[in-house]
Amino acid sequence: MIDIIQLVIIGIIVGSIVGLGAMGLTLSYGVMKFANFAHGDSMALGMFLAFIVVGDLGWAGGNIGRLSFGWGMIPAIALAMAGVAMLNVGADLTIYRRLRSRGAGIIAMAIASLGLGIMVRAVVQMIWGSAPQRYATGINPALTLPGDLKVKPDQFFIVGLTLVVAFGLYLLLYRTQLGKAMRATSDNPELAEIAGIDTQRIRLSTWAISGALTALAGVMLAIQAQLRFNAGFEFLLPLFAATILGGIGNPWGALLGGLIVGVTQEVSTEWIDPGLKPGVPFVLLILILLVRPRGIFGSSV
Amino acid sequence: MNPILEAPTLITWVGSVNWTVGFLTTVGIFAIVALALNLQWGYTGVFNFGVVAFFMVGAYTSSLLTLEPASEFEDYAFGLEWPIPVGWAAGALAAGVLALLVGLPTLRLRRDFLAIATIGVATILRSVVNSTEGLANRGAGLNGIPRFLDGLADGADYRWVMLGIVLVMLAFSYLVLQAATASPWGRVLRGIRDNEDTAMAAGKHTTVFRMQSFVLGGMMMGLAGAIFAHRQGAISPTGFSDLFGTFLVWTMLIVGGSGNNRGAVLGALAVGFFWFGTPLIQEDLPDFLGTRVFQLRELAIGALIIIFLLLRPGGLLEEQPRVSRFVPKPGRRPAVATAGHEEGGP
Amino acid sequence: MNPLLEATEVSTGYGELEIVHGVSVDVDQGELVTIIGPNGAGKSTLLKAIAGVLPKFSGTVTFDGRDVTPLSAPKMVAAGASFVPQTDNVFPSLSIRENLEMGGYQRVSGVSDRVAEVLAMFPELERRPGEQASNLSGGQRQALAIGRALMLDPRLLMLDEPTAALSPVMREEIFDRIEEIRSRGVAVLMVEQNAKEALARSDRGYVLVAGEAVLEQAGREMLDNPDVGRLFLGLEAAESAS
């Protein structure tokens, strides 16, 4: 029983990272209407952009409590978020906007995003190599909770940050004009234009926010596991499973979908070979497509 | 460092012949896969991002059925020593079954859902092979996969036999696809593709046709994978990467021209030459680039996809128009009833 | 005095297919003008082109004395000409209040005051401003769509078949609202299938056939015009009688 609870806890941690990434993915999917296959590789870019500060430049900074990383992680995360946001905005200005204005359709944009993902992955591998790396070399001793459950301070941080970001995203989408306009554009882009909304600006804002969330998810993934150039690409399936489980364009759904994916994946190792874990999000994805293709919580598109 | 002494070694006659034969054999196999993807994507609009999964299933199925029983140092199932052509047919069949299984829940839905579902299948297959005992020798892979028509030539000359086999299979695939896509069935497929630009599926009728195209294409990918395994003689899960087995093929099709079988073959040749040719010039490149040539060609593959989508969406060889030029092109809004004609519907 | 809106020799359509061939339409300040015509005559297409939703192949549009021919939909709204499409004219996952706020997206200030003013015009919306638009009835959606278009205090409201698919009671209701809006000085240009009711309330009407304007007359006169009656009104009367 304790085993299962321990697995659920790890599942919540992994699920928070999946949810964080899926919130970014679902935002762009909802507003842009196409599946961004560069999302995983952008996550990898984000984790390595943060590495520039804490690794390449060595600005680890003083310790933050019992976390494995220091204050240097704050500018590192800021750089990662800004960098991936700029990548997304630049991609829209140079690629997606042109395809859109030609009426090329969402499939052409999805294929183009795949091309972009391949390029990002190649660049990351070229600069930082193929060997896995870590932000901090020291160990992050786990705290022992009642019942002999083990949770690392870093993992508390990951879950807490995800909740804070989710709340912030809620405020943005439901309390600001920009957020409401994003939801309106996701609902019906043509009507948004007719209502007087500059939808191209909304798209760029959405890309930037989605990119910032992507980068954050990438850094969290690297804190939980390690930095690898293809870690993001391999994360695509759980990300899409969470996005579709939660309903495309629905950030709460994406977060809950991420938690479902994370917990199911980890708990399943009680019965199946851990090596088969990648199959779990796939099975969840197929199940939801069979039963409720618009997602458990409904889709806004 | 005398530049003259560093003249590229590939220029030697034997070297270049050997390389060319090997290259054409590989590209021939890729061309079969590109033709299969062209049937799925180019003719039907079925959005398969898991090409390598079908290729891999074909490769493993045929290998396991034709290999000798596992030795004490190996750990794999079957090893039935079946005739190689039977192994190939079984490989194609297994890949077709995989297509059916993946297609059933996804093909009736939004088009991009199939891409999302298939992009993960190869990852799962790799992890299944890696972590299942007694299936396919896990990470160590399968070795000693028998050659087809091994008796026809000795040693190094066998490469010519292999090239011949691949070219025959490619010609066979090409002719079958030419006939299929020119038939009324092919016309239905194109109709489905062109009328579903909204990426939403429409009705059961079209789902059946899309499934047929997906399964047939999957079988051809499986066949190509089987040929590949027997040509290589050894396979392992890491050899079936998404980049190599899926995205390279997509690039071939986009560059060559989707919706056009000749374009698919041309794209396989052109992109294949770039992909397999760049490592040859590695030593001639400045150090910084030379050591990164493998990432550079990946970068170029990604860039090629985007550049062609933006600047030449029809590829090198565009699809020949088959319908009257007065019919509005796909992607436009549906024509509104013109004046004088009473429109029946809303 | 120049008309508020003056569309001259406008040709438009979808893709390369021309549907409207050189039609001229004008609307004076505070005037209620209706375009009628058979199915497929290009009425909605013309309205969409004027609103900047569709590109114009040729012709010019001036609004308030200013050339607005090349303006896109968001710029037309900013200029003071709002458009309400026939279908999909509300944001389904947004609340009533949020739908209105989106109509006022370009407002620098006073959004919530204007929301209150618009809500006051539509009591059935005012009762539950937090309701998600996907839960509204057809008439309520139409009211919300019109309300959204009023958020920027437009001088011209363009309505594409505002009463299509509504019950006769709801139809009356919406027409009453449109007249009320007009009485506040907002000019209205609408395309209508329910020609009889629309013309009875209009200052002027246009008849569009086969993408060309064949008749322009005062609303009442048009109702009495035997040709129009025979061609459109009678036909419709017969349809609704059967």
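Letters are used for the chains, namely A, B and C, taken in the order the chains are written, and counting of residues starts over at 1 for each.
Keep this in mind: a contact is a pair of C-beta atoms (placed from the backbone, for glycine too) under 8 Å apart; a residue touches a chain by one contact, two chains touch by 3 or more.
Remember, predicted model here, so these are calculated numbers, not experimental data.
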Min distance from chain CA centroid to global CA centroid: chain A
Of all chain pairs, the one with the highest number of C-beta contacts is A-B
Looking at Cα centroids only, farthest away from chain A lies chain C
Per the C-alpha means, the centres of chain A and chain B lie apart by a whole-Å value of 30
Rounded to the nearest Å, the gap between Cα centres of chain A and chain C is 43
Distance in whole angstrom between the CA centres of chain B and chain C is 53
Multi-chain touching residues of chain C, meaning two or more other chains, are none
Two or more other chains are touched by the chain B residues 332
Multi-chain contacts in chain A, i.e. residues touching at least two other chains, fall at none
Listed in rising order, the residues of chain A that touch chain C in the complex are 177, 180-181, 183-184, 186-188, 190-199, 300
Chain B partner, complex, touching residues on chain A are 34-35, 37, 95, 98-99, 103-108, 110-112, 114-123, 125-126, 233-234, 236-237, 240, 244, 273-279, 281-282, 285-286, 289-290, 293
Contacts from chain C onto chain A in the complex sit at residues 51, 53, 72-74, 77-78, 83, 85, 88-94, 98, 101-103, 105-106, 111, 148, 152
Contacts from chain B onto chain A in the complex sit at residues 45, 47, 49, 105-106, 109-113, 115-117, 119-121, 123-124, 127-128, 130-132, 197, 199, 242-243, 247, 250, 254, 292, 295-296, 298-299, 301-306, 309-310, 313, 331-332
